[in-house]
Each structure stands twice: as C-alpha cells, then as structure tokens.
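Here is the structure we will look at, set down as structure tokens.
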Amino acid sequence: SQKATGGGSGSADGDGVKTGPGVTDTTITVSILTDFTGPYASLGKSLTQAQQLYFEQVNAAGGVCGRKYEVVVRDHGYDTQKAMAAYTELAPRSAAIPQFIGSPMVTALKQRIEDDKLLTIPMAWATSLLGARAIQVTGTTYDLDMINGVSFLVEEKGIKKGDKIGHLYFEGDYGESSLNGSKYAAEKLGLEIVEQKIKATDQDMSAQVAAFKAAGVKAILVSVGPRQAASLVGGAAQAGLNVPFVGSNSSYAPQLLGLPVKDALLKNFYIMTAGAPISMKLPVMEKLAADYRAKYPDDTLDNSIPSGWSAAMIVDTAIKKACEAKDLTREGILNAHRSQTTFDPGLGTPMDFTSPSRPASRASYVLKPDEKALGGTMVLKEPFVSELAEGYEVPVG
Amino acid sequence: MSSTAGPGRTVRPARLIAWLAAVAVLVAVPFYLEAFWLQTGLFAMSAAIGAIGLNLLTGATGQLSLGHALFLAAGAYSYIVFAEDAGLPTPVAAACAVVLAGVIGGLFSPIAGRLKGAYLGIATLALIFVGQHVLHNAGPVTGGSNGRRVPPMELFGLVFDDRPELVLLDVPFGALERLWYLGLVLLAGAAAFARGVLAGRPGIAMNAIRDHETAAGVMGVPVTRYRAAVFVLSSMYGGLAGVLLALVFRQVVPDNFGMLLSLDYLAMIVIGGLGSVAGSVLGAVFVSLLPQLLMRYGDVLPLVAEPGTGGFSPAEAARILYGAAVVAVVLFLPGGLLGLITRLRRAIPRVKEVKWAR
Amino acid sequence: MIPELVVEDLTVRFAGLTALDAVGFTVAPGSVHALIGPNGAGKSTCFNVLSGVYRAASGSVRFGDAELTALRPHQIAALGVARTFQNIALSPRLSVRDNLMLGRHRLTKAGFLAAGLRLPSARREAARHGARVAEIAEFTGVGEVLDVPAGLLPYGMRKRVELARALCMEPRLLLLDEPVAGMNGGERREMAELILAIRESLGISILLVEHDMAMVMRIADAVTVLDFGRRIAHGTPAEVQRDPEVIRAYLGGAAGDGAHDPRPADGAPEPGPADGAPEPGPAGQRAEAGR
Amino acid sequence: MITFLELLVNGVSIGAVYALIALGFVVIFKATEVVNFAHASLLLVGGFLIAKLHPVLGFWAALAAGIAGAALIGALVEFLILRRARTGVHGVLAIVTIGVDIMITAELTRQIGTDVLAMGDPWRDRVVHLGPILIAQTRLVALAVAATLIAAFLLAFKFTSWGVALRATAEDAEAAALMGIRLGRVSLGAWAIAGALAAIAALFLCVFPTPGLDRNTAVAAMRAFPAAILGGLDSTTGALAGGLIIGVTESLVNGYQSELAFLGRGFGDAAPFLVMFVILLFRPSGLFGTKELTRV
Amino acid sequence: MAETGLEVTGLHVRYGPVRALRGVSLAVPPGGVVAVLGANGAGKTTLLRAISGTLRFHGGRVTAGTVSFQGRALTGAEPAAVVGRGVVQVPEGRRVFTRMTVAENLRAGAIGARGRTDAAAARERVFELFPILAERAHQRAGLLSGGEQQMLAIGRALMARPAVLLLDEPTLGLAPAMAARIAETIKEINAQGTSVLLVEQNAALALSLASHAYVLEVGEVTLSGPAAELASSDEVRRRYLGEVGTPMTNRPVGTASAGAAGRRTLARWTE
C-alpha cells in the first residue's frame, strides 16, 4: 500500500540538502489557501495574483536552491470545512503556505499547522493567531493598529481625556482583537469606548449611527467590512455626526470611492495599517505596481498586493536561508525563518520574526482615502509606534 | 421506506455476499487512500448520520427543518464541554453530548409539535441564528469565535489522534485512519437503528402523521407528542453527527455550523431519497463528495479557469454544479438517487407522489 | 364486555352555525345503530366528537364509565373506539399491511428504542400482530393486496381497507361513516354482509352513518335521524321510515308508496320528476335510487 | 427619547424594505404553496441589472429594465425548472428553489466580483427632518412603495379572478385545470411578478444608507423570512406587518445594544427570529396567515 | 351546435404499467344524456380524465384512440382548452377548493367560461338549484359537509356554462332526497341544451336519466344500448343493480375472497 507523502523524506539528497515534504530535487511546492468566492474574494484575488507574480519572477530568475517553485492554489470560499479539506490535501506535499485567508480557518487548523511544523502566513491579523511557531502573522495585529489609531486621534484630532469614542466592530476575532486594543488605549488615556458589535451579514448601520449619536461620541473606530464602514460613514455624515473615523486595514476598499458615500470618506476616514500602500513612492513598490499592472492589466491595484507580495517574500527568504543551511525540512525552514530579527522587504517597516508570541511589528501607517492615488489611498502619516503600543502586552492565542 | 423493510426479513445469499464485499472494501480503505480522501469520507459519514436523522423528521414525518446544523453544533460543543470541562471519559462525554442535543431538540418541541411544513421550516431557521449568536457570545463555554479544541476520543486505550504513533502494515495510522473505523461503526449503528424505527411501530405512526394527521390521531397515535419525539430523535442524530465531525475537525469554530450546512442537509435527503435510510446515505455521500472533488480536480475540469483569471473558478463551478445537481435530481429522478436505483432494480412497485408538506 | 354508548344533549357550534343541537341517543351493546339525515345534518360532526376530533360545546358522551368529550383522539382510541372516514384517509404510499398495522398501534408497545434495536420483544410483538392483521385482511377481503400501496387501489378496495384498519384496532365500538358510498349494488351487498358478520363474530356495537336506506333497513337495529343538527326521529327502521317528518326532510318526495311493504320501501323512492325511470325492480334496485 | 423615536422610525423604514421582500415570498407561496428560497437570487439579479444599466440608460430606464429582467428570470425559473419538476410535493419544490438559488447566486457573485455597485438613484443620500428625527429619503420612498404595492396585491388577490385562479391552482392544480384555469400562465405570472418585486426590493436594499450592491446583498433576504412567516406566509397584510415588526425589532435591539449587552452584543440579527418564534408559539400560522382547518 | 357531439373512439389509456382503458368507444349526441356504468376500477374516471385531458396529473396517458367534440379533436388538448370548448367535468371526490369560500369557488368555476357569459346570472341559477350554497356563500368550502361539497362541485361546473357536462358519480354520498334533486337538476340542465355524460354507481338512477348507456368492465365496453334495454338485461340487474350479490371476480386487483368474506367469521382477539 502506498500513500502519497509528497516528495522528501527528511533524508539528504544529491546536492547534500536535507529535504522534507513538498521539496523534491527539482521543485519546491508552496500552497495558497485563499478565498475567491467568499466574502474576502477581493482580498484573495489580489493577494494570490501578487504571490503568483512573485514566485514566477523568482523562478524566472533561476529559482531557489536549484529548484523551481510550484504554486498550488485552493479556493475554500471562506468555508471552514473546505479549508480543512484543502489543508489536509496540500499539507503533506507543501513546503510552506505563503497565504492562508480567514482567521476562523487558520484558528481551526492552528494546532495541526503547529504539529506539521508547516510555515504558514495567515492573511488575518488577529491575536488568536499568535503563539504558534509555524504561524507567522505579518506586521501588526488588529489591536496594535487600534491602539496606534487612538493615539493618533488624541495627538492629532483633539480627542481628550473623558471623551467618548465609538467602536463599531464585527463579531469574530477580527473585531474582538481590535476591541481589545481600543479598550486598552481608552483605559490608559481615560477615554470611554461606546461599543457597537455587528455581524458580517448586517448591511444597514443607521441604528448604530443613531446609538453613537445618542452617546455623543467624538470619534469612531471601525473594525468591520468596507460595506458596513461605508454605511456607517455615510449615515453619520447625514445625521450630522461629523467626527473622524479610524478604520482597521480591512475596513476599507477602493471600490467605495465609486459610491455616493465618497465625499464623506475623503473627508473623515483614516485607515491604520502595518503594510505600506501601493501608492507609496518606494522603488520596490513602484516596480511591483508596474509588473502587476503589466501582468493583470484589467485588475485594479489595491493595498493587498504589497502585503501578498511581502508574505511571499517572507516564505521565499526563509527557504533561501534554509537552503544555505542545507536543510529544507520543515524544521529547517522554520528555524531559518525564526532566525530573522529585521526582515525588510523594502515595503515599509522591517519585521522581527524571532518570537512567535509577539507580532512582527508594532508600527502602523495612517492612510487616507484618495481618488487619484493608486489603490485609493495615500500615506497621511509615516509608520509610527505610539508609546502606548510600546508598552502594550499583546494577548496570545 | 418503512414498508419495504419488514422486521425479521430473511437475507438472500447474493445480498449477503454483496454486503460482505462492501464491508471488506470499507475496512481496507485506510490502507490505500491518503488523508484527504479519508477526511472526505469521514465528512460523508458524519453527514450521512445527520441526514438519516433529518430524513426521519422530514422524509418520514413530513416536518421540514432548516435547523439541523444547530444540533450538530450542540453535539460537537457539548462533547468538548463534557470531556474537557466536566472531565468525563470521552465515550461517556460523547453519549452525553448526543443526549444533550436531544434535550435541546426537546426544548424546541412546543414549536416542533405544533407547526407544520413551511412554517416549521422557517421557524427552525431561528435555531441557526440564535445558535450562532450563542456560540459566538458564550465565550467561557464555546470559546467564542475562536472555538475550542476537541479532545481526541479514547476507546479501550486506543486514542483517535496522530499521537501516539501507530503503524499497521507499514501504513502510519494517524487520527483519520483510526477515526475512519469509528465513523464506520457509528454510521452502521445509526443506520440500523433508523431502519428498525422506520420498519417498526413508530415508523408506521410517523408516516401516518405525515399522510393524515387526524387519521393518525384517531388510530391512537398521540400526534403532538410523537412529532416532538421524532424531533428529539433527529436532534440526537444531529448530535452524533456533530460529535464525529468535531473529532475530525479537532478544533470547532462557530462557522462550522452555519445555515448553509442545514441547507446542505436538506439537499442530501432530497437528492438521496426522502424517507429512506439508504437514500440519506447516498445523498450525504453525494453532497459531501461533489464540492471536494471539484475543489481538488477543479483545475483539470473544462470550463474551469485558473484562479483569478476571468472564467469559473473551481469553487464557483462547484457551487453551480451542486445547485444544478439538486435541481436535476428533483427534475429527473423522482425518489432521488435511491429511487433511481430501486427503479433500476424494479424492486419496489412504482408509487404515486403524495403531498407531505403543505 | 361491551359497554353502551350514551350521547346526551350534545351540542357543537362552528363560527355562526350550530352543527349539533342537543342531540341524544343510546347505542345498545352489540347493536347496529344507524345515524341518518340529510347532508349537513351533523352526522360526521357527531362522529368527529365521538372520536375526539372536534370539541363539543356542551353535552356528554359516555362510553362505559369514560366521558369521551373530555378526551383527545388517541385516548378515545385507547378505549376501543374505532372509526372509518367519509373521505378515505389512508397512507397512500404505505402498503395495505402497514396501513393495517397502524390500527394495531394502540395494542402494541414497541417504542423508538425497542423498534430501533429490534429487541426480541418488538419482533415477537410485530410477528403476533402481523398474523392477526393478515387474519383480519382475509376476513375483510383485502388479503391479496396486503403488499400493494393503498394509493393504487381502486376506490372500493380502499373503502374495505379503511374498514379493515378500524377492525385492526380490535374495537368495542365501531363508527362507520358511509361505508358503501361509491360502491355499486354487488359491492354494497358484500359490504352489508361484512358488517353483519363483524357484529355476529365480534359482538361489538356499530354506529353507522349511511345514505343507502336499503342497507340501513337491512342491517340496523335502531335508527336516529338528524336534521340541521337536531334529532327529528328515533326508533326501529320501520318506524322511522314511516315518520312523515323523516320523509319530508330526508327521504323526500313521494316516499309514501314505500310505506306499505317494509322491504322494498327501504328504497328511497324514485325522485318525483324522475318517474320515467325503468319499472321499479326488486328492493336492491330501488334501493339504489336511495343513495 | 429622541433616540428611541429615531430608532423606531429607522426600524419602520428598513422594515418597509423587508416587507417588500416578504411580499415576494407571499406571492409565490400563494400561487404555488412553495417557499421560494430563490427569491434572494432574484433580488441579486434585479439589483445587478439596475446597477449595471443606470450609467447607460439613466436611472428610471435602468429600473424598468431591472424589473423586467428580474421578472424574466423569475419566469424562466418557473418555465424551465419548476414546471418540469415531477413532483407535487411542496417541500421538495422548496428544495429545488434552493438549488436554483445556489446557481444564480454563484453566477451573479462571479459577475459582481469584488465590486460594490451604486444604484444611481435620484434620492442619493438626502435625508428628511421630521422634527429632531432624521430619515433617509430613500426609506420614505420605500415605505410608500411597499404600502402601495401591498395594498394593490391585497385587492388583486381578493377581487380579481387572477387572484382566485392563483389560489385555486395553489390548492389543487388538477381541479383548477378543470375550471379552465391555465396553470402554466398562473404560476409563470406569479414568478414573473415575484421577480419584479425582487428587483424593486433590491433597489431599496442597496441604496443609502447601505452603500450599494455587492456579493453579500442577497444575504439580507434571509431577514425577510421571519418577516414573511410571522405575518403569515399567505397574507399580504402579514408581509407588511411582519416586515415592520422585524425592522423595528432589529433597529431597537441594535440601537440599545449597550443596554441589552447581557444578551450578548450583536444580538440584532438573532432577535427577529426570536420574535418570530414567540409569535409562532401562539399563532402557528402567523399573525394573518390562514389556519390549516382540516375536516374529516 | 354542430351535428356530432362528443365522440370517443378506440381509446387506450395506461398508467405506467396499468392498462386502464382498452379501446373504448362511445358517443354523446348533442342534447343527449349518456350513462356509463361499471364496477370500481372499471375505468370510468379514467375515461373522463382522458376526455378532460387531466390524465397527466395521475401519471397516465392516452396510448391510442381519439376524443373529438363537434368534429374537432380534443385529444392531447390542455384541460383549459377542453373547458374552453365547453366540455366541463365535475371530478370524482368533489375536489372543491377547501381553503376558498363557497363564493370564491363559484368564481373559480366561471374563469374558464366560454365567451363573456355573465357570471352573476350563472351564479343566481346555481343558488336556485342549491339554496344551501347561498346560505354558506362565505364559509370555507373545506368545512362544508360531504354532500354540501358535492353540490358546490356541481354548481362550480355549471358556472362555466358547459355544452357537455361530465359528471363523475355526482350523487356519491348524497341523501336520497338530495340525490333526487341532483337527478332533477341533470334533467333540467339537459333540457336547457347541455348534453351530459354521467358516470354513476347508482345504476338505477343513471338508467332512469340516460337515453343511452354503456357498461364498462376492466377498461372495455362490454354492453351498450338504450338505457331501458340495459336496465332490463339480467347482466346489468345482477351486477349493477346489486341483485343476488356476486363477487366481482374480474377486477384488476384480486378481491376474489371479498364476496365470501361476509360469510366467513373472525375470531375474537385475545391478549
């Protein structure tokens, strides 16, 4: 009886490199578990295309460790059961997972990923994903973004002790991580958080607007999807609730600028994110934008492209290092990855991968919606780490 | 349906051989198929158990239910709670979980006993939404949105998990391989039990309630109580399915038990064949396999394009084919897959359609 | 031991109309008691109260020492009250056998557990009652169709199955709502014989609603006549059908001629204008006109 | 107090939209006794057409086109699929519509892709001040439209022979045919109308205060289920009442979620089902639904 | 009205495996009343279904033969079309719309009416025939008594102003007086120029009304002729007028024991 174990057996190959699952002497298989058909389809599409672009370029440049990347993509449509099936199928024959969308999915598989020692980059930034050696959350976690966001409000938007701040957030760990952050900051700064929790299926934020208005909030934090953010901002504008909105990076999409709510967004909306926006004037970024547009002419550029790209690069770098150490087993790849203290893809802030239980960075950009800018945003404030964020003990798991 | 399987029916030798062959194959599977297939198979087994339960309710008793997913959740989560928090031995925990699912079904019986057809169907939707809300918000018990780890089942010293390592005939026996057999046993038991119920006194009463409530009452069937009882029974099946599913998942999150799952279950029993156990199993296998196959082999399908590039992505193709399958079966195979098979075998005389849900 | 059925000023109201108005009668143990009356008189309603399908507004129905008006259908069934329905109420997809087994419900015990686990007790029970069902099927003449889905049987057969199902409850009181409606002469005669045979061999009381006067005359010991929910006559068949009130309300038109000789008179008379009908043949034929 | 009124008004206004969706369910149910799970996808069709066409045709033409298109799709579903289903069993037909829904929704979400589409409506994000209370113009229009349509259907069902034909067919197709009713036309018509209603509902579902049409819009149709049911699946009045009840419940529970925190936050979308639950407990066929009176 | 009325020639009908009609031919002359007798399961209802085109609702189909009215074919026509031609059926088992009121039922009946005959007049006529319906005009039909429903069913058909009325056991479950009323009604309708095809178990009544009659057995016409003749034939007297009860041996489903059953006895059940 022979059951597929997917290449390498942990033994040393011809070129003296120890190989593990997903690595043969000609190929290295990396698997992408993404969402093309579910709620995060837009994210999934950009991320995946960016990553495919990345690995193609590496292969074109001769590959890595004398091998070429083979990219396998599975679309789980944001369904935990499908995601699980896809993982079970791919894990035995993959060397790493440069993209895994959906914190429920990753959370559900956290233990198995850890047991498999399979380097995985989740495309979600919830604290629940920290604490596993094999799982690398890129950049900041949602809570850090919110902490930095609150400090931004205090420093630059005149929010002061005793004020009320609204926080509209999704049920689920995206929203709840964010809430942890805002609560922490508020508590430290003597602000009061007015919570409004919604579900991903909610569409109309009028009731929430009314509630915020009644509570007399001076600013509103937004940790929901673009739709809900738009409804909130638009509704608030009409209700004469003229306050700044600070959103997590998943709460905005350039498509929103095509809607009536546009003006309100341009006026009052700010986005906190660890990853640099595609519109940023960096050599690497500009090249990426150009290449991407060349390869996918009729797709809009957005900020997920750089994050996908850098995630791919994280995996690639780890594998290169592992190759130098002549150990392409999963253990080897993990060791190589975790050895990096200042990983810098040339896209914004450098990251520290040494501790699984600490986020790779604490610095967030403040972006502003902008019609003209690529990806619909431009940088308002260079990455900064508020001292609140400095001292913040990130909850793990 | 119940009338075809009388108790104490003698098994023809040909049939017996067929059965033995089938069993042999099923036992051999883990030695040959890789994890993906075992897992898919286990999904199917769990689905089959759940579907049998739903079919007892919807097919045999004529009570539409869209809330089945809740009972899977109830089974899955309460297994964890009983095993982990209450520290019961896992088999006991599983049993308790099944019972608890039944109890929750029982709590619903004021509605389940009173409502009929479409009304009950939609009313049961409430179970899903309220259930989801509870799963997300009862953090201490349910672990909120992150869900909870599932303690592996342990039977007579055998742990249904990857560790401790176990190798049979130089095949590494991980969690899935081991669970495969547990799944088979549970499914077989569940199916046998359901067949017994359907063929026996309760089954006839259930069918009578479906076909003519008043007559059933006049013939001595306590209709309301019976409706509720069947609801409880089907909830327990849901619970058992949930426990098995949880063991396969190893970590359950609320998203596992959304409304789509309930709809899938309805699809299963219709595709398979209403009111019959074999039908439920067929339908379950079909519905669980189709999307998995399409996801996996999507790229080699025609019409299906590379992810990202314009055309149908595998998952989209899967969705559409799935929908088409549901439609096609009802259009062209009255009686579902089972109906097809039986008609091929001409085993049962053709039966006219009867209204069971109004 | 068969108790008597005592109905006392039973009243049933539906939005706006009084379907039964202080109706009373007594069914003597072991007798065949006919309940007749024009359409909409309240006969089926009466049955529905007796079997617990409808609630009575007032009045009482005593069967032995049980007060039926207080009970739910299955509780009444448990007392051994069985009925057939005016519009057939079988499970079309179930085999005749299973339909009859439903009748055994009150006499059997197997619950979900016993049936599911196929406990010996359940198997034994099923076997014993299966045998009895076959016996009753033979007796009622549906023996050969035991395995046919009830839905495929012609009307007449289905009527028989209904009766058989009621018998399967081993009733002490049998309520028959128009057992021969939709049957032709030959079949009617068979059904009449069957009912008599039931009475003879089981000695149970039978309450019969029927529009076929020939049949009523032939097999009933006592007759109660309803009209607009009120009882307008009571007595032996002969008495009743001489009663002018009954003739006016029920038999209609020139019922007079019937009054002379008991037997043929059963036949409801030819409808006035229909006099051009073929020369009245013997009882059965003219009875036909009386459907 | 102001907040309460504001929430109440807002609830009523969103309720109007739910009522429109519910009306769609009711029409199909009255005509065929089938619970139409495909209604959500019809919604998507209508919305999609309007959104895609308004830049070209201008809003009103686009709206007309959307209504027509959705009606056509509805009719096609009936003609190509339901009419051919070899079963009278309503539960099974309901499941067919689930299949249909899956297909249409899958295709449309593919079309919509990752966009959020504006409907290009003339009311844009204007609001009306009722004293201290604000209400979106779109919602006022929705309320008016819903009320009118529902009244119209109420009358149609009761007094036109179309209505009689519809109900007759639903109850007993064969007998209806024997009355000379053209079954095909009746249910085709019903589905077309349901489609049209879906398009209208979609419009109001996707305009301010909601940002626009996207792949998740259809989910909102789920909300209309409790509305349709607690009103009574076969009652137009019920659709309105149900819609409003659900809308208000949702709005209040969301608005006061801090006060209701003990129920767990975000209770807003479970609450409607709970209300439905309680109502069904006392009225098993909804507030205005016709009771199943059986008689033997 | 054209010379030829309703004509059925060599009609074969199957329900899947069941052959319900085998080469049945009959004619209903304009203005005539024709009776069809036959045991249960003989195929009477099937015949009417074939004429009205409602076989498909029962998984049945015409395999051979034709139905024509006024010289033009009805075979394969939509039920609605058949009604449009003026051929209207009162189906077996009433089939009133139980959840609609009596009045609405009558309106439903008028939908298929030929031309724009005025419904109000038709309704008046129905109420004359069946006053009870007027009383119950706003009651749900489902709650009417069996007999009342039968009246409603007939009234409903009359709303369509039929040229040919197909009646499937119209007196089923009617009280003697009411049966007589129906008989009158049929005469009356017929007198007003509507021809009638009457399926009846109640042979005496049927023969008393009909000018011509057919006897159907297991899907075939075994006897036919002027009603009076049939009424006096021994065959008919024995079988359908129920004299000298005899088992119907040649039924599709075996009931041979039926006749004997009466004479057999059933032992008491003992626990």
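Note that the chains take the letters A, B, C, D and E in the order they are written out, and that residue 1 is the start of every chain.
To be clear about the criterion, contacts are C-beta pairs under 8 Å (C-beta built on N, C-alpha and C of every residue); 3 or more make two chains touch, one makes a residue touch a chain.
Keep in mind the model is a prediction, meaning the values are calculated, not measured.
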Does excluding subunit D break the complex into separate pieces, and if so which chains end up together?
one piece
What are the two chains with the most C-beta pairs touching?
C-E
Most distant chain from subunit C by Cα centroid
A
Which one of the chains is farthest from subunit E, going by Cα centres?
A
Roughly how many whole angstrom separate the Cα centroids of subunit B and subunit E?
48
Mind checking the centre-to-centre distance between subunit D and subunit E? Centres are C-alpha means, answer in whole Å.
43
So the centre of each chain is just the mean of its C-alpha atoms; given that, what is the distance between subunit A and subunit D in Å?
37
I need the residues of subunit E touching at least two other chains; which ones are they?
143
If you look at subunit D, which of its residues touch at least two other chains?
106, 109-110, 222, 265-266, 269, 294, 296
Going by the touch rule set out above, which residues of subunit B reach two or more other chains?
136-137, 214-215, 313, 316, 319, 352, 354
Subunit B to subunit C touching residues, read off their complex
1-3, 6-8, 193-194, 196-197, 199-205, 207-208, 210-212, 214-223, 229, 233, 349, 351-352, 354
Note: in the complex, subunit B contacts subunit A through residues 31-36, 39-40, 43, 136-137, 144-147, 149, 162, 169-171, 176, 249-256, 260, 291-292, 295-296, 298, 307-308, 313-316, 319
Could you pull out which subunit C residues touch subunit B in their complex?
51-53, 72-74, 76-78, 82-83, 85, 89-95, 97-98, 101-106, 108-112, 114-118, 122-123, 125-127, 148-149, 151-152, 165, 169
Subunit B partner, complex, touching residues on subunit D are 29, 33, 35, 37, 81, 84-96, 98-103, 105-107, 109-110, 222, 225-226, 228-229, 233, 264-267, 269-270, 273-274, 276-277, 280-281, 284-286, 289, 292, 294, 296
Okay, in this complex, where on subunit E does subunit C touch?
18, 37-41, 92-93, 132, 139, 143-148, 150-151, 169, 171-181, 183-184, 187, 201-205, 207-209, 227-228, 231-232, 237-243, 245-248, 251-269
